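Below: one structure, written as structure tokens.
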Amino acid sequence: MRRAPKVSPVMRAATAGRFFEDFTLGEKIAHATPRTLDNGDVALYQALYGGRHILNSSLPAARAAGYADRPLENWLVFHIVFGKTVPDISRNAIANLGYAEGRFLAPVYCGDTLSAVSEVMGLRENSNGKSGIVMVRTRGLNQNHVPIVEYVRWVMVNKRDPSAPAPDPVMPHLADAVAPGDLVPPPENIAALDHTQSGSDRFFDDYAIDSFIDHSDGVTLEDSEHMLATRAYQNTARVHFDGLAQQNTRFGKRLIYGGHIISHARAMSFNGLENALSVAGLNAGTHAAPAFAGDTIYAGTRIVDKAVIAGVAGVGALRIRHFVTKNKTVGDIAARLADADSGSGRPEELLLDLDCWVWMARG
Amino acid sequence: MRRAPKVSPVMRAATAGRFFEDFTLGEKIAHATPRTLDNGDVALYQALYGGRHILNSSLPAARAAGYADRPLENWLVFHIVFGKTVPDISRNAIANLGYAEGRFLAPVYCGDTLSAVSEVMGLRENSNGKSGIVMVRTRGLNQNHVPIVEYVRWVMVNKRDPSAPAPDPVMPHLADAVAPGDLVPPPENIAALDHTQSGSDRFFDDYAIDSFIDHSDGVTLEDSEHMLATRAYQNTARVHFDGLAQQNTRFGKRLIYGGHIISHARAMSFNGLENALSVAGLNAGTHAAPAFAGDTIYAGTRIVDKAVIAGVAGVGALRIRHFVTKNKTVGDIAARLADADSGSGRPEELLLDLDCWVWMARG
Amino acid sequence: MRRAPKVSPVMRAATAGRFFEDFTLGEKIAHATPRTLDNGDVALYQALYGGRHILNSSLPAARAAGYADRPLENWLVFHIVFGKTVPDISRNAIANLGYAEGRFLAPVYCGDTLSAVSEVMGLRENSNGKSGIVMVRTRGLNQNHVPIVEYVRWVMVNKRDPSAPAPDPVMPHLADAVAPGDLVPPPENIAALDHTQSGSDRFFDDYAIDSFIDHSDGVTLEDSEHMLATRAYQNTARVHFDGLAQQNTRFGKRLIYGGHIISHARAMSFNGLENALSVAGLNAGTHAAPAFAGDTIYAGTRIVDKAVIAGVAGVGALRIRHFVTKNKTVGDIAARLADADSGSGRPEELLLDLDCWVWMARG
């Protein structure tokens, strides 16, 4: 909850958000506002991204796979939880620096109500004394207080007062990737998948490490669509909405919420990853460049690792990296994408580099 | 229902709507078409405006506050009822002149079906003989014939035939504001509000009369969004949709439905009025200037009055005026907004001046 | 299901779709992915088109008419089924040539899951040897395997390899129109319609063959809206989404899915065809010209035929042709529309010519 100054009979900005010096190591922040999701949110998400993965599309298929109902798309759940943290964590952020140790812990169904809590796990003032890095572990909970997603993110946040004292620097080491055994598997009878319905007979064993899939389709981005999405997530970061104020920034226009690109990547990845039934974990993610309305985006995915988990039937864990490019197809910059791991070599057309685990059907 | 001419085998305009001389004092008009609202409408409204008020966002919070379910946003209900009246009342309107005596009478839930009835309570031909003012009291009803909202509005409507005789002028006096004791209070256990979840610990006692809150965020308007909204409300006024015909008007482009701005104002007012749990009444409203796609809007709210109602626990009635500006922040024109009550002094950047009652939690 | 090549560790396009030589006469293709529709889809469709036909708008009216629930709009159902066929049938199509023998077979309700199966009923290589015509009969089924819609369409599809041998040409004769007796009537107590609520007292007997109705309103099209719609239908044809690739085509911009125009036509036709309660059949349809964002469309309808069906109470079958024009009103080109049946005389402003049967209340 924001620490709101009392209202006085003078004009004032209502909600300033937290600055760097407002965070305390170990502090737990319960974010407003809980949100009930229902099939209207599912339909809007469908219209925004056009996904076709079977468990999110077909109730009978989800039930046959052991789910109580059609599960909501993982990234919809993520964005809703993320959105709740914005007023407290990143309203005064300069940059979203990274994600790590993300896991989807339980399915979310229509009618569930999500809330979010963050714990401050790292703080380090920048050498310029004007800003600092805040690292939080955020957990999303349903109405029964069951954790449904968790992840770490760190952001650079402005100080309100540059003369405020710096905290002792603490920045925990993060795992390079979630260990496959720590991922939460889908229900046990997922093996019941009908591959005629799911759209492909390519399964876990057909994907080789280091292979690369060009998802081939392009999508031109629109201001209406990213704003509808971002408001659906109750994410109120000003840079996404106020085109007039953005005219006075170096970008000159509204910035598209990075999560909008993540959701497009997942939907576009259906072409080639049809049986990637759900997202299991988030290892790392970089929003490498800003996206704007009018940009056309393309996606490709590299297979990074694979793991068969003892006791988990029907699916294997596939570690993948989604690359999203803008105004050049993934094919156009394929050679340069291979350099994306060296900071300097990253193509300027690269928008998103997202390292995650998915549950891939074994067929 | 429109009085439709029979179809003949020649080309003709289908639905002309009513002109001034088609209205009769005391006449009751049952409007087509009843509309069932469900959570899909809730999700779309969420995406259009990004509201975060807790009773509309969280089912458990709504239940804890004594509601049977998550209540639909008040202005969504209002726009649906309003939309039904357009083909009969304002298809040939030149201007929407005002609102008064509006009250939200009962919660609306997913699955409810709304219909609307209007009674003509005032008629006065303009001195030019070409148009006149029509005043109606409109009531929205649910499927059980329970009134859920009512309001008065008056519009200027063209005459079909300038030589048609003028009716006896009748224009009832309207209350300056709904009396607080006439507002319908929320369920009695609203006091159960958890302010950590609702987003603020500012409550009824923290708001001083004449204080002003700058809600700080801006939103750039889009044609897709206002059209999606206006069609969701089944409001068919042509000026909102036909960009080609609008090229030949003094505006040159599609006009945005005034209700779209009202809904943005409510959502934007969360920053500073987090615990304004629902809208209780509509005292007056002026769409001071037209809004167009590309305009960026900002909102501020003045506290006009407050009332504690005997027997109503947990909330007080706060009379507020929302001001929405375009292409200047509320802060930029603060001094001139103070003049908004004098017709001549109204800033040209002012889009909306909406005087309403909200139920504010007492904490 | 697409016949997907196995993934190899080299860059490749993921999903090429079928080419002309991949189709076999008599082959049955089960399309991915089944889709559960719910009231979120209803609300989005409402916002996209603004329909007001009573059975889709009002649950009590639908129940009074003998439906188990509010039926989904017929064209929403059609587009969902159509969308499933795109990856298999028309991903490499040059042109959508026509529709015939379409019938809506059973109502679809919220919660139903639709899938689609197509049978290849005609194949004929073009004389240039580079492409051919594929004709399929597509059937949509609900989760209980009950057929809910069927139609024939034929498309021109590229060959992958021009030297591939031509199949024996087979192109079945199609009915000029569905026989009225083959249409599936609505529930028997449809006569319970309340015309005050439905918006008009014009009924079946009021419509004369050859009469023409100008629906009068115009709608300017938007990229956001047609993309939201087309993704809601899980229709992935690239030409609708990739504005960058489209710059290198003769159109220069994203093409709007023809079904988007059909849905606008149905919604616009409310003005004058208020009691056309549902769509019964699709006799023929031509997307006469491409539509783009920024175009303003208008609609008119000609009454082609009428039929009272023995044993069907409350409604008659009205055969109608919807004409949709762009950037000229239907009235502007009325005289030239009369020539629309001669190929050469078709006005260039004509977007859509859709011949269908509707069930019109008898009052």
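A few notes on this one:
Just so it is clear, A, B and C label the chains in written order, and each chain counts residues from 1 on its own.
The working rule: a contact is a pair of C-beta atoms (placed from the backbone, for glycine too) under 8 Å apart; a residue touches a chain by one contact, two chains touch by 3 or more.
Everything quoted here is computed from the prediction, not taken from an experiment.
Touch-path distance (fewest steps) from chain A to chain C is 1. Comparing the residue numbers each copy contributes, chain B and chain C share less than half of them at their mutual interface.
Centre-to-centre spacing of chain B and chain C amounts to 36 Å, using the average Cα coordinate of each chain. For chain C, residues touching at least two other chains, in rising order: 38-41, 43-44, 222-224.
Of all residues in chain C, those touching chain B in their complex are 38-44, 46-50, 52-54, 57-61, 70, 195-202, 206-208, 210-220, 222-225, 271-272, 274, 294, 296, 300, 303, 327, 331, 334. On the side of chain A, the complex with chain B involves touching residues 1-2, 4, 6-15, 30, 32-36, 38-41, 43-44, 87, 111, 113, 115, 143, 222-224, 227-232, 234, 236, 238, 241-245, 254.
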